[in-house]
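Structure first, commentary second.
Each chain gets a letter, A, B, C and D, in the order it is written, and its residues are counted from 1.
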Amino acid sequence: GLPTLEVKDTYKVGFAQTESNNPWRLAQTNSMQAEAEKRGWQLVYTDAAGSAAKQVADVNSMIAQGVDLIFLAPREEIPLIPAIKAAKGAGIPVILLDRNVDQSLAKAGEDYVTFIGSDFIEEGRRVAEWLVNNKPGGGKIIELEGTAGSSPANDRKEGFDTFIADHASFEIVASQTGDFARDKGRQVAETLLQAHPDADVIYAHNDEMAIGAISAVEAAGKVPGKDVLILSIDGGREILQLVIDGKVAAVCECNPRFGPKAFDTAAAYANGEDIPGKIINPDNFYDASNAADLIDTAY
Amino acid sequence: MAAGSRPSQKPDRPIYAFLDRYATLIVLVLLILLNIAITPNFLSVQTLNVNLTQVCTIVIVAVGMTLVIATGGIDLSVGSLMAIAGALAPMIFMGKIFGIEHVGLAVGLAIILSVAVAGALGAFNGWLVATFHIQPIVATLVLFIAGRGIAQVMTNGNLQVFSVPEFQFIGLGRILGLPFQVIIMAVVVVWAAWMLRRTVFGRQILAIGGNEKAAELAGVPVGRVKIAVYAISGLLAGIAGLIVIAINSASDANLVGLGMELDAIAAVAVGGTLLSGGRASIWGTLLGALTIQIVRYTLLANGVPDAAAMVVKAAIIIAAVWIQRKARAS
Amino acid sequence: MAGNRGLMGSYGVVVALMLVILFGWLRYDNFLSPFNVMSVLRYNSMFALVALGMCFVIMTEGIDLSVGANAAMSSVVAAHASHYGLVPGLAAGVGAGLVVGLLNGLIVTRLKIMPFIATLATMLAAGGMALLLSGNQSIPVSYATSFTWLGQGNLFGLPVPALIAAVAYVIGSVILNRTSAGRTVLAIGGNEEATRMMGLPVERTLMVTYIACGGLAGLAGVILAAQFGAGQPIEGKGWELFAIASVVVGGTLLTGGVGSVGATLAGVLLLGVLFTILNFENGKGWISLSAYWQSVIRGFFLLVVVLFQARLARKHAAQPAVSAT
Amino acid sequence: MTQPPLLRIDNLHKRFGGTVALDGAEIEVAPGEVHALVGQNGAGKSTLIKILTGFIPGDDGEITFEGAPFSVGSPQAAQAAGISTIYQEINLVPTLSVTENICLGREIRRRGLLDWRGMRAEAERLLAKFNMSIDVSRPLSDFSTATQQMIAIARAIGFSARLVIMDEPTSSLDEREAAVLFDVIRGLRDEGVSVIFVSHKLDELYEVCDRVTIMRDGRTIRACAMAEIGKLDLVSTMLGREISRSGGRTTAFAGDHDHDVGDTILSAEGLKDGAHVRDVHFSVRKGEIVGFAGLLGAGRTETAKLVFGAARPEGGEIRFDGAGFAPQTPADAINAGIGFCTEDRKVEGIVPDMSIAENMMLALMPKLARAGILDEKRQARIVEKFIASLGIKCAGPGQKIRELSGGNQQKVLLGRWLAMSPRLLILDEPTRGIDVGAKAEIQKLVNTLADDGLAVLMISSELEEVSEGADRVFVLREGLTVAELTNGEINEERILAAMAHGGGEPSVAEA
């Protein structure tokens, strides 16, 4: 069974972050830190700089420091299993944030308390669905993938590609990695637009690459939103403004503000409440119809 | 002892002499011909435009790297210095450090200060190398690690988004139809090529790389030249950093210039400059960077997946450097 | 030991390591708890292996930038093979590493391309192969076989990876100090042309050095797969710089010709313990030390160490030498 | 010759790009014979040796060794076949200990592992043959050029070889050390080992060699017994022209020391550097050639480096041109008008990948530039002039200096300093490794320069050079100036006496 958490006034909890090299992660970290401060809990924060192995070492050092509970945003599904097992062995409950772990190796309610997060596959699927519904004539799609091998890239691709495969009027003419980065996304989009001048949709796995793609479309002498539809995932404030401006067609939100829910869940767990094994964040979906109304709620 | 000093095996053949001069150029021309054959929509002005603007920053940084390598050194910190300059400039022109009303003034100050800071940090590299005789890889590794951290600390890791056309001219502007960044690149390349061939400073750079002790005993101010060379590398990295953020209307301390050191070093090597110092070819570096750019373009445009593209790129780097070496050896 | 006299800073790094450990012990609870010590050793054993190979390559005045990508690729291969058991997994992973090492050796000795560029290219290639062989996914290892023992098991109460690394270092030290191959490695780094003129087997030694470095990276990849239960195609980024830094902190000069295996190990541990200390420091106060400050501190620390070594080296150089004829 | 030869090379050819280095060279060496190989700088001696030992491939030719066709691809293979070589430039590994430099390649092992104690003993045993007792566990770089040369020789004879090749082994040895070497060579001969001996010092050849092969322009011109050929004959065969000698002198310095000696330009008092220079004083006047004599390691080079700003003194005073002088860098000294031609041209002289012109102009270049921009026309004129006047054998001013033979490299370096028109020129072993023809030219040149008012400080281990060339001689021993000899007093005996045990303190631990 799971380790228990006694009821206390304040806790010392760990937050093992994956990396901090993009706005989404920063927003997530800020949200966690703000919430800890609000409640007066001590937060032991580590940053694995994109390495699953280092993240396991980070968790181990939290265990050695004797934290009460660990929030873990796992870098990857399988390699973080040893960390979860080690925490369990040391009697420290773990709550997973934003990415899950392999269910055949570790189970919610048994090895870790719960997973709180979004469903990346679902995000990709929702973007594809919007596209099919709103562009009846079909289209030629350029896909800007996230960092090769990372799970959001893999899942957002899978969700989108699977849905599109069922609709013959749409074709993915090119799909290349832009590393989740604005500059790389722009360069890749520039090149792909040159090689595929007939492309009229760009689907980017995150906001940064979508913004890069806008520059690329403009540099190619086309009008974003008109000649080329741009779709994205994450839904930060900057991209919502671009939706309002008509440059971006639609965005699926992936909310990084985990703090309140994560800490609530921890407190509920201490109180002995029943926690479901999976808590899916309700993600908004933005397009021209609602962006202006919702921009103030975006991160 | 450098590999280049090994005795050659091949007898004299004119074909090699020809290759020696034009090896990189030939590779480049072949690649362009290949693209005309296979890549859709290749022959267009926009293709040229895309490739030239994408290669600009690499060339600018690689020119500085060529000079550093010519002295027998290497500069791993260029990417981090790009990030620092890129983080600093928006802080200045967006008035986060001191309020300046006049946009032109603020932008001017931002450009000058941030490039100067990058140059000063470059000089710091040179100072470590020259004064303490710390090996260049290690000396510049310090700022490679700490430099990006400094940029991140300055901005707290946050993206700085801006829209300041006066500043963004350096990345997006055009003069007589030519992208301004391409003009910067051309000026840098021409200046460096001229400097290396025609000035005392250039000669001294090569002498230090060729035999530092002998150069010192012939009156070359070794320490000063080294500091200057690393400072130039830093300055150029700073300029490249500003161009990158100007194009993107945003500065991301985490990503600006990431991996640039390896791109630049690869360009220098493919361009035929030996990493052991004492020889350098700025035009070679330009061609090397263009070659790598075209390879990247070819692979992307033809839908080669990233993983396979990495393997192909590796093979082409080895092949290009090997042809160079082969040509040299004869 | 004869020939190691040029090596400065090897005492410095041991002293620094002790000081840092002492600092951690005094400042933090549980710093020297068995759990923490074991997990630090288990984690850093991968870097220790990579740094050992790097140390030998650097002593020849070479460099191997491909070790990180190599380890990642080998971890994928090992994960695939782990379903056939411990030995096949181990052999396949190390074998994959050896192949990359062989390629490095061939490019450096046959094509005579500078090691920096040669291994920069193989770094790209191995990284690409890692992704190709894994289909961009982490590959789970078999828990049905005993393969994971290599990473997660204990022997004599010590982590298996740490023991593997310890054995590798003992062998490395004997090779360096007590075999002609080891001395030839140093000779090549001291002056390659002279070594050739002295009639020593330069090409063969270089080949073996790069192959061994690749094999050690492969072994690190096996441990990576076994310890974390998956072959990870995108791990290993920056390992080469970590290894180079460890070697340099251990006082081995990048100009080749001098080096110490033991001091390299101390260098690895010093950097590893420093990481742990930064993590513990985060847990100390209510304000977390931002991850960004960590890079600044690490860079600064490296600077202090190399400046310290530069001073030691200069002091040594200033000592008069006697030569009576 | 009655016995079959040990080594026979026939019709050997080698081209480097446009340069023909060997053009049908041949040589025949009998067992147990010390064979001299002579020729002008660039005649192809070193190239022949490098091909024989597999360091570089030849283009064409036949080599027979021990009666069988012989061809090896590497020095390693040559060594295994019984040919042990000391190359012209010292080629040992500076960072390794003396023991390793001597023993690597034929290590002593115990239970498969290196036996350090045994190897140290072996190294000490070999060095003892040369009357050397040094700490063999120190890195090679701790020792002076001469000591390193002896170590290289010790390494070579340590291999039980059939043939030992020595390419200018004595160029950095003093006479005492050379004498020891000759004893060792004779010992080898007595054991039936053959030796090929390359040297530009003719007296040495007559002292140890049995036969001689004379090369010119890559061809073998003549081979005969040493006794069959007189010195003059040998030299004119080598140079390819008749030469005549004046009045019993062995060097080309003018007969009389009659330069117009002016004011003192450089002087030093109580100079020390905390290590090798302990208390040196000397002075040089305009138009004067001052010689520095001393055994190897006496501190002459170090003294020169102090004057030139390449090392910092710990005490004492230097005056240049009447004022106190404390150069911080060589650039300071060069600006003051001092030139310094170093003894180790490979390490401290040439920039190998640069052309002859660039090497020659390295020191002068900043002065010829306007606003930092090179004046290439003027440079080219100066370079042409010196290539002609120094008789540098090369394909043209654009040729890479590393492609030149050792002697011609030395001339380029001399050109570097002469082009500067210095006020004081320091020459450290200026004729080391230079053939007799060029040597005479250089000596003549130095003489003319002094006549024109240049002050010259000449460090030389060749006694004749100092005794015949110098107007005044300072003898250094173990970092002390132990004697000053002026015009009338200068002769070899007095210099030798002062070098060995002249002046102040009693000598320490004579081996």
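Before moving on, here are some points about what is shown:
Here is the rule we go by: contacts are C-beta pairs under 8 Å (C-beta built on N, C-alpha and C of every residue); 3 or more make two chains touch, one makes a residue touch a chain.
Note that this is a predicted model, so its numbers are computed, not measured.
Contact tally for A-B versus C-D: the pair with more C-beta pairs in contact is C-D.
Among the other chains, the CA centroid farthest from that of subunit D is the one of A.
Subunit A and subunit B, compared by their mean Cα positions, are separated by 34 Å.
A separation of 43 Å divides the Cα centre of subunit B from that of subunit D. Once the centre of each chain is set as its mean CA position, subunit A and subunit D turn out to be 72 Å apart.
Chain contacts: subunit D has residues 55 touching two or more partner chains. Subunit C has residues 131, 136, 191, 193-194, 292, 294 in contact with two or more other chains. Shared interface positions of subunit A, defined as residues touching 2 or more other chains, are 20, 148.
Contact between chains, as defined at the top, is found for A-B, A-C, B-C, B-D, C-D.
Contact residues on subunit C toward subunit A in their complex (touch as defined above): 28-31, 33, 35-36, 39-40, 43, 46, 131, 134, 136-138, 140, 143, 152, 224, 227-230, 232-235, 237-238, 275-276, 279-280, 282-283, 286, 288, 291-292, 294.
On the subunit B side of its complex with subunit D, the touching residues are 4-5, 7, 9, 11-12, 198-201, 203, 206-207, 210-211, 213-221, 278-279, 330.
Subunit B contributes residues 39-42, 44, 46-47, 49-50, 53-54, 152, 157-159, 161, 244, 247-250, 252, 254-256, 258, 296-297, 300-303, 305-307 to its touches with subunit A in the complex. Looking at the complex, you find that subunit B touches subunit C at residues 1, 3, 5-6, 74, 128, 132-135, 137-139, 141-150, 152-153, 156-157, 262, 265-266, 269, 274-276, 306-311, 313-315, 317-318, 321-322, 325, 329.
Residues of subunit D that touch subunit C in their complex: 55, 74-76, 78-80, 85, 87, 91-97, 99-101, 104-105, 107, 112-114, 116, 120, 131-135, 137-139, 142-144, 146-147, 150, 155, 177, 274-276, 295-297, 509, 511.
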